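What follows is a single structure, and I will ask about it in a moment.
Lettered A, B and C in written order, each chain numbered from 1.
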Amino acid sequence: MIKSNRFSWFLFSSPQSFYPLAGALQPWFALLAVALCAAGLYIGFFVAPTDAQQGESYRIIFIHVPAAWMSMFLYLVMGFWSGVGLVLNTRLSSMVATALAPTGALFTFIALWTGALWGKPTWGTWWVWDARLTSELILLFLYIGFMALQAAIDDPRRADKAGAVLALVGVINIPIIYFSVQWWSTLHQGASVSMKSAPTMAATMLLGMLVMALGFWMYSIAATLARVRCVILERERHTDWVAAEIGAQK
Amino acid sequence: MIRALGWVLRRDLLLAFRRRGDVVNALVFFIIVVSLFPLGVGPEASQLRNMAPGVLWVAALLACMLSLARLFAPDHQDGTLEQMLLAGEPLVVLVMGKVIAHWLVSGLPLVLMAPLLGLQFDLPGDALAVLCVSLLIGTPLLSLIGAVAAALTLGVRGSGVLVALLVLPLYVPVLIFGAGSVGATAAGTGAEAHLLLLGGFLALALVLAPWASAAALRIAME
Amino acid sequence: MLEARELECTRGERRLFSGLSFRLGAGQLLRVAGANGSGKTSLLRIMCGLLLPSAGELRWRGRPIRAEREEYCRNLVFIGHLNALKDDLTALENLQVAAALGGMTADAGRMLAALDRFGVAHCAELPTKILSQGQRRRVALARLALSAAAPLWILDEPFSALDVGAVVELEHLLAAHLASGGMVVLTTHQEVQVVAHTVLRIDLDVHTAALLAA
């Protein structure tokens, strides 16, 4: 693609040069993810104090809250790369957006699942129409819509662009949806069943959640890099360099 | 530019008039869905009154979504969409003409039919009025957002189900504030805030949705 | 006037053509030849700006066509595989809408004359869904008789489904357009006799543009 002697970040916007870079970086991010998650879980399960009201069951927030953060953050990142891909017409940005979607959907699902598990001992029911849970549910639908649209379109470039438009529409809508659901939930129920009722957070709890969030972040990068490599190989399978790459591995 | 918009609008209305059956079918669908709810949950008046705004709004959402298949797909099949892309007029303007026609044909009839169905659910007079106003502001919003999804799924495998998957999550705010306005009137807190927010969303969608639809159409035609 | 530089087209994983360059000037006819699937329709769609070439660019009067898309479209008439007729509208209504969107100003009299030129004036008030395939093609082509003001005509298989009389009529129309300084790009499987100052020919099977004097 772009060949230039001076170093520029465009150099890595070519799938061919990004492929080995992603391969080199991926294990390090995976290692960081494992270390940070282990540290975060240790803080969460052994260091953080037991909650006076909820007992030990509250400890699921060390997974639930970071997963919810990541699910929203990853949608924004996906929207960003989609937008870059659409405006600059760079294939790699669109591939990154495609690769981010399953990880985002995974974290959304984890947030919902752990939310339900937390709800049972806390509120005595698996599901409440709490504003945050409802927003997460709709976010999951948005992720699924993005993946379904890309899967339904055969031509990869068209799939990239159509997905990008959808992701951008979604990015504009997420704050609106979040705000509407918030409004809707305050109208329909009292504050008694709300996750906002958590008492002032101990510093160790906050630390645990931050470390976990960092761990999830590193995991997202590692998983996305691995997935981008697969997408690159699949899309470029007819090029000489992929043939050489696969030949070298055999 | 306005002339081109007028021509697209005229053409689509004429086509809808020649195929009145399609328009009537969507309206009948709306009526049937609304009428099924009392059969499902029982005829108790107070319960039905509580449910009415939600039921009417969800049915309107579904009816509008079904009619999205008629928005761009027929033009795509017979090649007239291609000609619109080459018309020498901004595509956004032509898309706007099509969306207005879509609303007149599939949104406005729902607004007119809603008070009658509201009576079936024993809604009081002021709630009926708010229901109509909320639908009047909300249904154009449904057409605008729907146009983006319809354009994105043009000519795609299984586009019918896919449209539902894409568009229904985006309809959530419209549903919340549309049905909420009627509920708020019934609860005596006033519907103004809801209606104003719906109006704000409509303004935002009027600016952004035609651009997104036009971009999606160009992508779909490649 | 219309200039292509190093065009390349990739559909899916297949590269249809690459390095395709040509220039088309006033009064010239460009005939795109090639086997089925060689990319004739894709090339025409690239020329219309409907399809983005995977490399290279097209220039109209020295400026890239994507820069001033609407301006370029006003200079262009495209008739594709599909007739772009609405089944539920009459032939005349179809022509009216097409003319209005194409920015042509034409009254009913001129439209009837255009339909008459292709021998379908008697179908003017009939919905196009009851017309035969050939008649529909004639209605679609009647648009050309109103489009003399647009210099560039791009026609995908314009002769398909036409009988001998209509073929001759279309050949006359194209010759008149070329004689008055227009440009025509077309694909066809038939041998056509269009009188033109220059006939360019692109054979996508051999990926080269050759100049043949007519």
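Keep in mind that, in the parts below, a residue touches a chain if its C-beta (ideal position, glycine included) is under 8 Å from a C-beta of that chain, and two chains touch if they have at least 3 such contacts.
Keep in mind it's a predicted model, so treat the numbers as computed, not measured.
Of all chains in the assembly, those touching subunit A and also subunit C are B. Summarising the inter-chain layout, the chain whose CA centre lies farthest from the centre of subunit C is A.
With centres taken as mean C-alpha coordinates, the chain found closest to the middle of all protein C-alpha atoms is B. Chain geometry summary: the mean Cα position of subunit A and that of subunit C are 48 Å apart. Averaging Cα coordinates per chain places subunit A and subunit B 32 Å apart. Note: centroid distance subunit B to subunit C, computed from Cα atoms, is 37 Å.
Under the contact definition stated at the top, the residues of subunit B that touch 2 or more other chains are 222.
Residues of subunit A in contact with at least two other chains: 154-155.
Those residues of subunit C that touch subunit B in the shared complex are 48-52, 70-71, 73-74, 76, 78, 80-89, 93, 97-98, 100-103, 127.
By the touch rule above, subunit B contacts subunit A in their complex via residues 148, 152-153, 156-159, 162, 165-166, 168-170, 172-173, 176-177, 180, 183-184, 201, 208, 212, 215-216, 219-220, 222. Contact residues on subunit A toward subunit C in their complex (touch as defined above): 154-155, 238. Those residues of subunit C lying in contact with subunit A across their complex are 11-13. For subunit A in complex with subunit B, the residues that touch the partner chain are 138, 141-142, 144-145, 148-149, 152-155, 157-158, 161-162, 165-166, 168-170, 172-173, 176-177, 179-181, 183-184, 187.
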